[in-house]
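Consider the two complexes below, in which chain A is the common component and chain B and chain C are the respective partners.
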Partner chain A sequence: MHKSIVINHICRVEGHGGITVNIKDGKVTEVNMDIFEGSRFFEPLVVGRAYDEVAPILMRICAICSAAHTVASLMAVENAFDITVSPQTRLLRELLVHGGNIESHSLHLFCLAVPDFMNYPSAIALASDHPQKVKMGLELKKLGNTIQEAIGGRAIHPVNAVIGGFGKVPTGGQLLDLKEQLKKGLEQSLVTVDLVSGLQVPDFCISPNVFAALSFNGSAYSLFGDRIALSTNDTRDANRYKEICRESVVTHSHAKHSRFNDKPFAVGALARMALNGEKLSGKAKKAKEKLGLSSYSDNMLYNNAAQAVELVYSIERSMEIIDELLAAGIKQEKSIDVRAKAGIGTGAVEAPRGTLYHSYSFDEKGRLAEADVITPTAQNLANIEKDLRVSVENLIDRPKESLAPKLEMVVRAYDPCISCAVHLVEVNFL
Partner chain B sequence: MNTTMLSKEKTNRLHKNIIIAGVGNRLLGDEGLGSHIIDSLSRIPLPSDVSIIDCGCDLLSIIPCLNEPRKIIVIDAVRAGGKPGRIYRFDYSKLQTTQAQMQSAHQIGPTDALGLLRRVYPALSKCEIIIIGIEPKAIEPGAELSEEIIQSFSDVKRLVLKELLLCSTDWQECLCVRYHRAQKKWFDIYSIGKNIGVNISNALSSIHTGVLPSYLVWVLAGLAILLLINYIIAF
Partner chain C sequence: MAKPTVGIYGLTGCAGDQLVILNCEDELLDIAGALDIKFFPMAMSGNDEECPLDIVFVEGTVVQLEDKQTLKKLRERAKLLVAIGTCAVWGGLPAMKNEISRQELKMQVYGPTGEAFKTITPQPVSSFVKVDLAISGCPIEKEQLLHAVASLLHGDLPRLPTYAVCTECKMSEYPCLLVEAGQLCLGPLTVAGCKARCPSYGQPCRGCRGPVEEANAASEAKVLKEKGFTWLDIQNRLRTFAAPADSLKIESVEECTNA
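Here is the complex of A and B:
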C-alpha cells in the first residue's frame, strides 16, 4: 500500500516551507523538508560592496533575528580588520542580542508553538479564549523590541550598532528605565515557565541528537563564544565553522543541508541547554529544573521548554548587563576608526534559533570579495528531516489527517526561519 | 535630568496615536517597497501625532507604538492583478467581511497580525486601520525597486498625506489656528489675495482712459515687447 503525505504549506513558521512523506508497504521511503520560497541569493547581494554597507544589508535577512545578524556581521568585519571593540561595546551588543532573543522566543512560544500544545489552530484562536496569555506573550515581545530600540536605535533592524562601537551610546536614565521594564518582564517570563510546565510534551519524535552550540570559556551561560562545542565532545574554533557545517545541496530543497561527520545535528535553545545548561544560575536555573531539562533530552519538542528557560535567562542577564554598565559608568565613547585592508573574518553568535555564522573576505580597498552566511535553520534542516522520519515511523498507524498536524508540530518546535535558511548561488555551465 | 528626558520621550510616544507602518523585505526587490516608503516619508515633515515605523517582515513590531491609536496605516506590496505600481486602498474592517486574502511572504501575515492585535488589544477595535497596497513588479532577490514602483511613490505619499489630513489633530489644529487667526484678519490669505487682485485691477483701470491714442501707444508698446522677447529667444 502506498501512502503519501504532502503538507504544502506549514503554518506558523517563519517563511514558507512544506513536508513530503512517502510511505510504501508500511515503511517510510522518503521524507523531505521542502524549501520552496524563492531562493534569496543574499550573499551575492553584498559582493563588491564597501565593508560598512554589509551589515545594514544582511541584517535584512530576517526581521526577528536582525539583532543577531547585525552583531555577527559587525564581528566578522572587525575580525577581518583586526579591530578590538571596548568592553562597553561588547556589553551593549550582548544586551542587543538578548533583546532579539526575548522578542523571538516570546513570539515563537505564544504565537507559533503554544497553540499546538493547547490544540488551537492559530494564535488568533488562542487569543479568543486566552487573550491575557497571548497579550503577555506580546508584552514580552514588546520588551525585546524596546531593548533593541534603546540600544540599536530601532525596534528591529538596528542602525545604531556600527563597526567598532555604537553611533550613540544610551544614557544611564535609559538603561534604568529598561531595567524597570525588565523587572516586570521577569515576572511575566516566570509565568510563561509555569504555563509551559503545564503543557504535555508528546514523545513521538525521540531520537538520538547531535547538538552544537558556541562555547564560552567563562563559568556563565552565554550567547557568545569563540569555540563551537558538540555533544560528540568535538570542538572547533568558530572561524573553522565549515568543518562543523559541511554543506551539501539537496534536490528537493532550495536550501543546503549541513552535516557533521555525515550526521545531521541540531542547534538552538535545546542544544545550548544540553551543552551549556549547567552554567545557568538564578531563576533560569530553577526554570530549567522545573521544565525537566536537567538531563539531556533527545526530544526536540522540548526546544519550546528550552526557549522558555532562555526567556528567563535573557531577562536576568540583561539586568546584569545594565548593572555592569552602570557600575562601570557609561562612557560616551566614539566608535573605533576603521582602516580597511585585505582580510578574512568570521563572526558567530547564538541567535534565537541557534548558531549563526557570518564570514567575509575583503580586498585591500575594503570591498567585500566573498561572503558566507550560515543560518541556524539551514543547519537544522537535515535534523528536522531525521525527526520527521522518526515521527512518521512512530505514528504510521495513525490516519493521514491526524499525522500531518503532528509533523507540523515537529517542524515548528525547531522554530525554523525558512526564509533565512534559503541561500543558494545559481551556477550556469556555459 | 535623564529621567526627565525619558518621561518627555514617553509623553511624545503617548501623544503619537497615528501609526504609519511599512512592511516588506528589502532583499526581495519590490517586496520591500513598504520598508522603502517609510524612508521616503521620514524625509518630509509629518504631524507630531504620527509615528512612522519600518517593520521589515514583522508587523507585530508596531506593538511598542500601540497607545490607543486612532488610525493605523499599513503600507505593503499587494498582488491584486493590476499593473505594477498601481495603488490600492483597503479598509481593514471591509477586508475581513469580504474574506479578502492578501498574499504575503511575511511570517505572520499583515492581516493575521492585525487580527491578533485586535483580539488582544481591545483599544484597537475602535481604531481605523487602512492598508495601502502597491502592486509589485518583481519579487525576487535584489536590493533595488522597479522603476514603476519608484514612480508610484509620489502618489503613495500624496495618499498618505490625504489620510493624515483627515485624522491628524496636529494638522487639523494647525488649520484651525490658521482659520481663527484669519478670522481676526491676521494673515488672511483670502483677504490678502483679494486685495492684490483688486489693486492690480484698479491700476489697470486707471490706465484705461478710453482715448484712442492711449490704446495705440499700449498696442505699440506690447508689440515692441513681443519683438524684443522674440529677438532674445532667437539669439
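Here is the complex of A and C:
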C-alpha cells in the first residue's frame, strides 16, 4: 500500500510550516518538514549597514526570541570591536534573556503544547473548562514580558539594550517591584511543574538524540557560555560554531538544515537539561527530579517538561540577579566609546528554543561586511525529520486521521520558531 | 448582536504583531469572549479556512506568490481588512533594498538550490488589496490594538495619531536627540503612537512605525547633513522600515540642499 500524509499548515507554531510523509509498501520512504515561510534575506540585506544598525535590524528576525537575538547580536558586535561590558550590563542582559525565556516557555506550555496533551484545539478552548490554569499561564507569560519591558524597554524588539550597555538602567525600586512579582511567579511555576507532571507523555517518538548546548565555565546552570558541549563529548569554542552546524540547503525548506558529523542533533530546553541539568540548584533541581528528567532523554516530547523546569530556573535566577544588582548598587553607567575597526565577532546565547549564533565581520569603517545567523529551529529541523520518521514507523498501522495530530505534536514539542528558521505536517498515503 | 467573526493571520514576518495580540494577557480572555475567532493558525487548531469573516487582521510582508494568493483570499472572505504592523502597512525590513533582484539574493543565501523558491519583490499589503485600517509599528503598540478592537466592536474605525513621534517626544519633555545631542533621530518623520518610546530611553527614533503624513524627508536630511552624517548613513536610516514609502525617498543631495 502506498500512502502519503500531507499536513499543509501546522497550527499553534510560530510561522508557516508543513509535514509531508510518503509511505510505500508499509515503509516510510520520505519525511519532510516543509518550511513555507517566505525568505526575508536578512543576512545579505544588512550588509553595508553601520555597526549600530545591525542589532535593531537582526533582532527582528523573530518576535518571540527578540531578546535573545538582541543580546547575541550585541555580543557579536562587541567581540568584533574588542569591547568589554561591565558586570552590571552582563547581569541586566542575563535578566533580559530570562524574561524572554519565561515569556516564551509560558506561551508554549500553556497556549500551544498543553492543549495537545489535554486534547483541546487551543488555550481559549482549554480556558472554557480550565480557566484557572490558562489564567495562571497568562500571568506567568506576562511576568516574562514585564521583565523584558523593564529591562529592554519593550516586550518585543527591545529598544533599551545597546552596544556597550543600556540606554537607561532600571531603578532599584523597579527591580524590587519585579522581585515581588517574581516571588508570585515562582509559586505559579511550581504549580506548572505539578500540572506537567500529571500529563501522560506518549512513547511513539523514542529514538537516540545527540544534544548540543552552550557550556558555562562555572558551577551554575546558565543560558550563556563560551563553549559548545555535545552529548557525544565533543566540545568547541562558541566562535567555531560552524564546525557543529554544518548547514545544507534542501528544496522543501526555506530554512537550511544543520548536521554534526553528518548526523542530526537537537538544541533547546531538553538538550540543556541533558548537558547542564546537574548544575541546577534550588527548586529547579527539585522540579527536574520530580519530572523524571534525570538522564539523557530519547523522547523529545519531554521537551515540554524541560521547559517547565526552566520556567522555575529562570524565575529563581532572575531573583538572584536582582539581588546581585541591588547589592552592587545599580547605577547609570557612562556610555562606551565605540572604536569601530575591521574585525570578526561571534555572539552566542541559549535562546528559549536552543543555541543561537550571530557572527559578523566588519570593514575598517565599522560597516557590516558579512553576517551569519544560525537559529535554534534551523539546527533542530533535521532532528525533527528524524523524530517524525520514527513516529510514523511506530504509528504506521493507525488510521490517517489519528496520525496527523500525533505528528503535529512532535513538531510542536520542539517549539519551532519558523520565522526564525525562515510551518506544518502532511502525510501522503499514496 | 452576534459576535463579529474574526481572522488573524501572518504573511511573511516575525509574528510580532500576532504576538502583541497574545501579549494582551489581562484582556485576552475578554477579547476571545467578545469576538468569534474563526481563523488564527498561530494560536489554535481547527481553523475555518473558508467561512466569511467580519474582520481580518493581517500582519507581514508579501514576499512570495503564496503570500499574495493567501492575502487575496482573506480579502475576499472579509468585510474589513486591518493591516497590522509596519511590514503589512509599509513593507517593513524585507523591503529595504528592493532595487536588488531577488534572484541575486537567492544565489547569495541558498546557492543554486534556491532556484526552486518562488520569491517576489517584497511589498506591503496595500499593493495587492484594499486596506480598511492600517495600524503600523514594529511591533504595533498594544494600546492602539485594544483601542482599534474596541472601536471596531462599536462599528467605528479608531482615530489614530496623524502627528509625528517628535510631537509626542516634546510633550514628554525629553531632551532632543536630533538638535541637542546630534543623533540620527527620525522622530520628525515618523508617525506617533509609541509615546516616543526610544527617546524615553535616550535612544534615537529609527522610524519603525513608518512615516507620518507629509513627512519632509528632504528637510530632515539637510539637518542631518549639517550635523555631519554621511549621505549613505542618512539614506540607510531612511530606508529601513518603510523604504517603499514615497515620502521617504530622496533621490539626490541637491534635493535636500534645496529643502
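Note that in this section the second predicted complex is superposed on the first by the 422 of 430 C-alpha atoms of A that agree within 3 Å, B and C clash if a C-alpha of one lies under 4 Å from a C-alpha of the other, contacts with A are read in each partner's own complex, and residues count from 1 in each chain.
Throughout what follows, contacts are C-beta pairs under 8 Å (C-beta built on N, C-alpha and C of every residue); 3 or more make two chains touch, one makes a residue touch a chain.
Treat the numbers as computed from the prediction; the structure is a model and nothing was measured.
*Asks:* Mind checking the superposed model to see whether chain B and chain C fit together on chain A or clash?
*Replies:* clash
*Asks:* I'd like to know which partner A:156 touches here: chain B for first, chain C for second, both or neither.
*Replies:* In the superposition, A:156 contacts both chain B and chain C.
*Asks:* Which partner does A:90 contact after superposing on A: first (chain B), second (chain C), both, neither?
*Replies:* In the superposed model, A:90 contacts neither chain B nor chain C.
*Asks:* With both complexes superposed on chain A, which partner does A:286 reach: first (chain B), second (chain C), both or neither?
*Replies:* neither
*Asks:* Which partner reaches more residues of chain A, chain B or chain C?
*Replies:* Here the partner covering more residues of chain A is C.
*Asks:* For A:127, is the partner it touches chain B (first), chain C (second), both, or none of the two (neither)?
*Replies:* Both partners, chain B and chain C.
*Asks:* For A:145, is the partner it touches chain B (first), chain C (second), both, or none of the two (neither)?
*Replies:* Touch partners of A:145: chain B and chain C.
*Asks:* Is A:66 in contact with chain B, with chain C, with both, or with neither (first, second, both, neither)?
*Replies:* Both: A:66 reaches chain B and chain C.
*Asks:* Once chain A of both complexes is superposed, is A:57 in touch with chain B (first), chain C (second), both, or neither?
*Replies:* A:57 sits against chain B and chain C alike.
*Asks:* Which holds for A:171: it touches chain B only (first), chain C only (second), both, or neither?
*Replies:* In the superposed model, A:171 contacts chain B only, not chain C.
*Asks:* Touching chain B and also chain C: which chain A residues?
*Replies:* After superposing on chain A, chain A residues 13-16, 37-42, 45, 57, 60-64, 66, 107, 111, 122-124, 127, 131, 134-135, 138, 141-142, 145, 154-157, 419 contact both chain B and chain C.
*Asks:* List the residues on chain A that touch chain B in their complex, please.
*Replies:* Per the touch definition, chain A meets chain B at residues 13-16, 37-42, 45, 57, 60-64, 66, 107, 111, 122-124, 127-128, 131, 134-135, 138, 141-142, 145-146, 149, 154-157, 171-174, 176-177, 417, 419.
*Asks:* For a test of understanding, state which residues of chain C touch chain A in their complex under the given definition.
*Replies:* Within the complex, chain C touches chain A at residues 10-17, 19-20, 22-23, 25-26, 28-29, 32, 37, 40-47, 61, 63-64, 66-67, 93-94, 96-97, 100, 102, 105-106, 108-111, 113-114, 116-117, 119, 122, 138-139, 197-198, 200-203, 206, 208, 232-233, 236-237, 240.
*Asks:* Per the contact definition, I'd like the list of chain A residues that touch chain C in the complex.
*Replies:* Counting only chain A, the residues touching chain C are 9, 11-16, 36-45, 48-50, 53, 56-57, 60-64, 66, 107, 111-112, 115, 121-125, 127, 131, 134-135, 138-139, 141-142, 145, 153-157, 159-160, 162, 166-168, 249-251, 254, 256, 408, 419.
*Asks:* Touching chain A in the complex: which residues of chain B?
*Replies:* Touch residues, chain B against chain A: 1-3, 5-6, 25-28, 32, 53-58, 60-61, 63-64, 105, 107-108, 112, 115-117, 119-121, 139-143.
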